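Before I ask anything, here is the structure I am working with.
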Amino acid sequence: MYLNSIFSNPERLERLGDIAQSSFLPLIEAAVQFTLPLSVISFILGLFLAVVTALARISTVRVLQWIARVYVSIIRGTPLLVQLFILFYGLPTVGVTIDPFPAAVIGFSLNVGAYASEVIRAAILSIPKGQWEAADTIGMSYSQTLRRVILPQASRVSVPPLSNTFISLVKDTSLAALILVTEMFRVAQQIAATNYEFLLLYGQAALIYWIICFLLSLVQGRLENRFDRYVSR
Amino acid sequence: MISIKNLHKSFGELEVLKGIDLDVEKGQTIVVIGPSGSGKTTFLRCLNILEKPSDGTVEIGGLVADFSKPMSKKQIMAFRKQSAMVFQHYNLFPHMTALDNILEGPVTVQKKDKAQAKEKALALLDKVGLSDKADSYPHQLSGGQQQRVGIARALALEPKVMLFDEPTSALDPELVGEVLQVMKDLTQEGMTMVVVTHEMRFAKGAADEVLFMDSGRIVERGTPDEVFNRPQEERTKRFLNLIQDTDTI
Amino acid sequence: GSSDNADNTESGSSTEGETDLLAEIQEEGTLVIGTEGTYPPFTFHDDSGELTGFDVEIAREVADRLGVEAEFLETQWDAMFAGLDAERFDMVANQVGINEERQESYDFSDPYITSTAVLVVAEGNEEIQSFDDLEGKLSAQSLTSNYAEMATSYGAELEGVEGFNQAIELLVSGRVDATVNDNLTVLDFQNQRPDAGIKVVDESGDAAQSALLFRKGNDTFVEAANEALAGMIEDGTYEEISNKWFGENVLE
Amino acid sequence: MYLNSIFSNPERLERLGDIAQSSFLPLIEAAVQFTLPLSVISFILGLFLAVVTALARISTVRVLQWIARVYVSIIRGTPLLVQLFILFYGLPTVGVTIDPFPAAVIGFSLNVGAYASEVIRAAILSIPKGQWEAADTIGMSYSQTLRRVILPQASRVSVPPLSNTFISLVKDTSLAALILVTEMFRVAQQIAATNYEFLLLYGQAALIYWIICFLLSLVQGRLENRFDRYVSR
Amino acid sequence: MISIKNLHKSFGELEVLKGIDLDVEKGQTIVVIGPSGSGKTTFLRCLNILEKPSDGTVEIGGLVADFSKPMSKKQIMAFRKQSAMVFQHYNLFPHMTALDNILEGPVTVQKKDKAQAKEKALALLDKVGLSDKADSYPHQLSGGQQQRVGIARALALEPKVMLFDEPTSALDPELVGEVLQVMKDLTQEGMTMVVVTHEMRFAKGAADEVLFMDSGRIVERGTPDEVFNRPQEERTKRFLNLIQDTDTI
């Protein structure tokens, strides 16, 4: 039907080719300018937040536990879109106005923080109790134990699930358009809005996302190998 | 060197140590035996305050801890320094080489000069017969080798007392000997040691005193010869029957 | 954001149709119409949850006159076009402004509505009194609309948005200075949210036209729709609908 | 500023209250009619797919491994929105037209299948080799071993990460609006479109999502407890 | 009952079994000893085809498997039925009760009548001294109890030969005896058994023959008395020195 009509119609085919070609550069540009930095910055900040939250969850201080619990529950229980919306359009009503990019970074970091905290919590809990005790025995403080014994080992276990979190994040950054960050998906929409080839443009965007995710999986493999140096198989 | 008075430890309702009294001279080696769950591990852990005792006092190397009163973190740290622990499952840090495992205490915690500490660590590795394994990760070592690194790590802390919790029970039978040898060397050098083990050959060859624990109490004590060959208590006899090479079956 | 209207070009001539869509529709007995359903007063849900609005009623009337049932399918702006391409809909009724770019890919019916552009600012804003004051100011616009061009022509910086709703949110949260949009849309908003803190400060003389949107290559169907539109204008049905929603005739 | 104006303005406050009240029922209705069934059906189908995919990944047949890999990579590497878009608006161009609800179910199931397959694969691999061998020794076939020994144990490990997948799914169903399914978030948009109270309506929708996720976490707790019957702590 | 000829097994480049020949009479108990990595486990696993041998033939209970030729799944299944394996770490199914663990083979695999199978399973539980633990999950049982359930599960398959791979080496010292007792009972009932173990008291009390394996070969064989007290080979002597209660340290 339609596809037939595309292939039986060299003009249309040519038009699609032209559009694909001319839109590729702006898409890549947007990916490099916004999608990637937004993902990377949010991920790094989110990881810090996640470690803090995970530590709060496993601490013995009730209040900290509860703050962490509520934070994780709210972030995981409500759509990211709504969170961004409230952050960007809701906060100004109480006098807090944040620029688009920082707002996006805050929103995505909060999100990564919540999801990754569960990963990191599980990873920390998976480190055998004996490691804590060995650290105790040689006189390490809590923070020394964390930094030198627990977190390095927890990192190893966390790599695969955290790479999942990162993959989700990369794709979720498309929501940043809602708060005026012209990331890649937004650019695809803009271009498609003029030529109405949404399917084509979205397909192109998907391809670029996929390439990013693929590269990420290579990094993941590398990281895992590096950690495996000290882990028997 | 060690003086324990009325040591109690409960986990919630469960009283695991029901009043332990013990004096150990400098240079003595004490072997603790007893059935599973009798409280041997808990007893050792209390001496290193890995578990906080519920009551009693322990004096090690002149430093007294009174567990009837709350202790500050600093006090605990200071007291813990008197002794060092060797675990059943070695508990080496898997992401550090043998050498780094040993250096971790002196350098990271005690802030000693790195070069000097390293020199000493290498000497310790030599002492436990592993001078060629300094750069190996734990997973590249056999169980016996890992346990010897564990001992070196404990020695690097320069403790007054060494505590061993079944240091050979996770090892393949033919690897047990090499670890026992290192421990025996320590005994002969005059280290004060408390060792939980069921290895008769170590107890017979190295122990100054053997304690038999059951249900959180020291039920019987004496020289290895006394406890193994002429046990007085019924419980001791029953237990020795179970673990020894006799003809119960 | 569908309020982007454009210059008053006639709907472009179309390529030859392969199958006769009109016959198909009449055989099926239903005309499938794509619409957003979130764009009052043109296409939206009333208090009882029913889909209604000016465009909805016009489209329904067209279906009536073709002797078929109208079936509305609702989705968002991008999917509306994709849905038309994928033959999920036969036609789109969503206040789609006529412009050249769209005409390259789609066919339009005769225009059935004409609206003017108004300049909207926050209530406390005394700086911007007219289009001329837009110079150097930040205006929230759907980038593909003619209002965007208009704002630029007055020297405004643009903040690209996806639709009117977002433009209003930006205005209210103080992130932009102004927005240029359809007078009818703004009117509806003001009716709903009289205290939202925005005001209309200027209205342009230029008018923009919107029409029903079709896949290319269905000339007979487009003609039939045009006939239906002409018919309802002639017999007063159109005026009735127009009055109901706007209190005036909005054809021209 | 804005919030002040709300509280200093009893009329507006009343209006917000009215809207909140009257929109609650339609939101719940949409949640019960579409969001929940869509989530549940897609999750169940996705789980089946996930098990099959996981088994393909750990099988020794290269072709199966690769099919599974490519499937997982594509689904995880590209945005769900684009997948739905292609499924619903792309497939008709090659002559395959699927109704909205089934299309949504297919799209979300494929998504769950890919994500959950990684969870299940990890869970299966986490079952000690000794369990396979014990099953071999008593003469079990591969499928008997899977059904009676491996999967029941893998289920236990999978509950927490799968509940994450489900939570994400529930929120992702909001994308079904794109392909004409009137799920809850769409209803919120519809209502907000007429009264322009987006913040309020999105907040309400978020609340309902949160409640669903909260209920789910209770179910999760129950499941974990049930499995713990045979697992020591 | 068992006749093994020229059994070879390689993992890739590594040849782990380098030609094993062995004949076992019905009712005999063979104990296999040897250092870690010598191939004891691999040897047992080959008899149950948990590992596919690279070459050689094995006959158990009249059924011959020739590993120089490919075997069908069906043939493997049939051959595997001749023997049953008891593992070092029990490998009970943790999500099934003791009774269900035992029933799994007869009911799910062999499709036996459930009521009858249950009766028999309870009898087996009684035999291993656990009649009161039928409804307990593995984690509710001690190591010794779990291993006894493991033995009952193997017996429920009604094998002609029982294979034990270090059945007591994961147990606390005082739990070893109860498992050895059950094994000794089996010996006395005339079960044919191949047992990898370093428990001298079992080897001395129950073995008809002791094999010493090293580097994939049977290095020495004979009665327990011959092998333990008058070993001929240097390697055997060295190994026995390591694991026995002698004064090497």
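As written, the chain order gives the labels A, B, C, D and E, with residue 1 at the start of each chain.
Simple rule for what comes next: a contact is a pair of C-beta atoms (placed from the backbone, for glycine too) under 8 Å apart; a residue touches a chain by one contact, two chains touch by 3 or more.
Since this is a predicted model, take the numbers as computed values, not measurements.
Note the shortest touch-path length, in steps, from subunit C to subunit D.
Contact-graph shortest path, subunit C to subunit D, evaluates to 1.
Go through the assembly and pull out the chains touching subunit D as well as subunit E.
Touching subunit D and subunit E alike: no chains returned.
Which two chains are joined by the greatest number of C-beta pairs in contact?
Greatest number of C-beta pairs in contact occurs for A-D.
Specify the chain most distant from subunit D by Cα centroid.
Farthest chain from subunit D, going by C-alpha centroids: B.
Using mean CA coordinates as chain centres, what's the subunit A-subunit D distance in Å?
Spacing between the chain centres: roughly 18 Å.
Distance between subunit C and subunit E based on Cα centroids, please, to the nearest Å.
Here the centre of subunit E sits 81 Å away from the centre of subunit C.
Please compute the C-alpha centroid of subunit B, do the same for subunit C, then give the distance between them in whole Å.
Averaging C-alpha atoms per chain gives centres 82 Å apart.
Compute the distance, rounded to whole Å, between the mean C-alpha positions of subunit A and subunit E.
Centres of subunit A and subunit E (C-alpha means) sit 52 Å apart.
Pull out every residue in subunit C that's touching 2 or more other chains.
If we look for residues of subunit C contacting two or more partner chains, we find 79, 82, 85-87, 169, 172-174.
Return the residues of subunit B touching two or more other chains; collapse runs of consecutive numbers into ranges.
Expected reply: no residues.
If a residue has to touch 2 or more other chains to count, which residues of subunit D qualify?
Residues 1-2, 85, 89-90, 92-93, 198.
On the basis of the stated criterion, which chains touch which? Give every pair.
A-B, A-C, A-D, B-E, C-D, D-E
Across the complex, what residues on subunit C touch subunit A?
Residue positions touching the partner: 18, 77-79, 81-82, 85-87, 101-102, 104-106, 142-144, 159-162, 166, 169-170, 172-175.
Where on subunit A does subunit B make contact in their complex?
These residues of subunit A touch subunit B: 128, 130-131, 133-134, 136-140, 144, 148-149, 152-153, 156, 227, 229-232.
Residue numbers of subunit C touching subunit D in their complex, please.
Answer in residue numbers: 37-40, 44-47, 49, 73-76, 79, 82-83, 85-88, 165, 168-169, 172-174, 189, 192-193, 195-197.
Please output the residues of subunit A touching subunit C within their complex, sorted ascending.
1-2, 5, 88-89, 92-93, 97, 177-178, 180, 182, 186, 189-190, 192-196, 198-199
Which stretch or stretches of subunit E touch subunit B in the complex?
35-36, 169, 172-177, 180-181, 184, 198, 200-202, 205, 239, 242-243, 245-249
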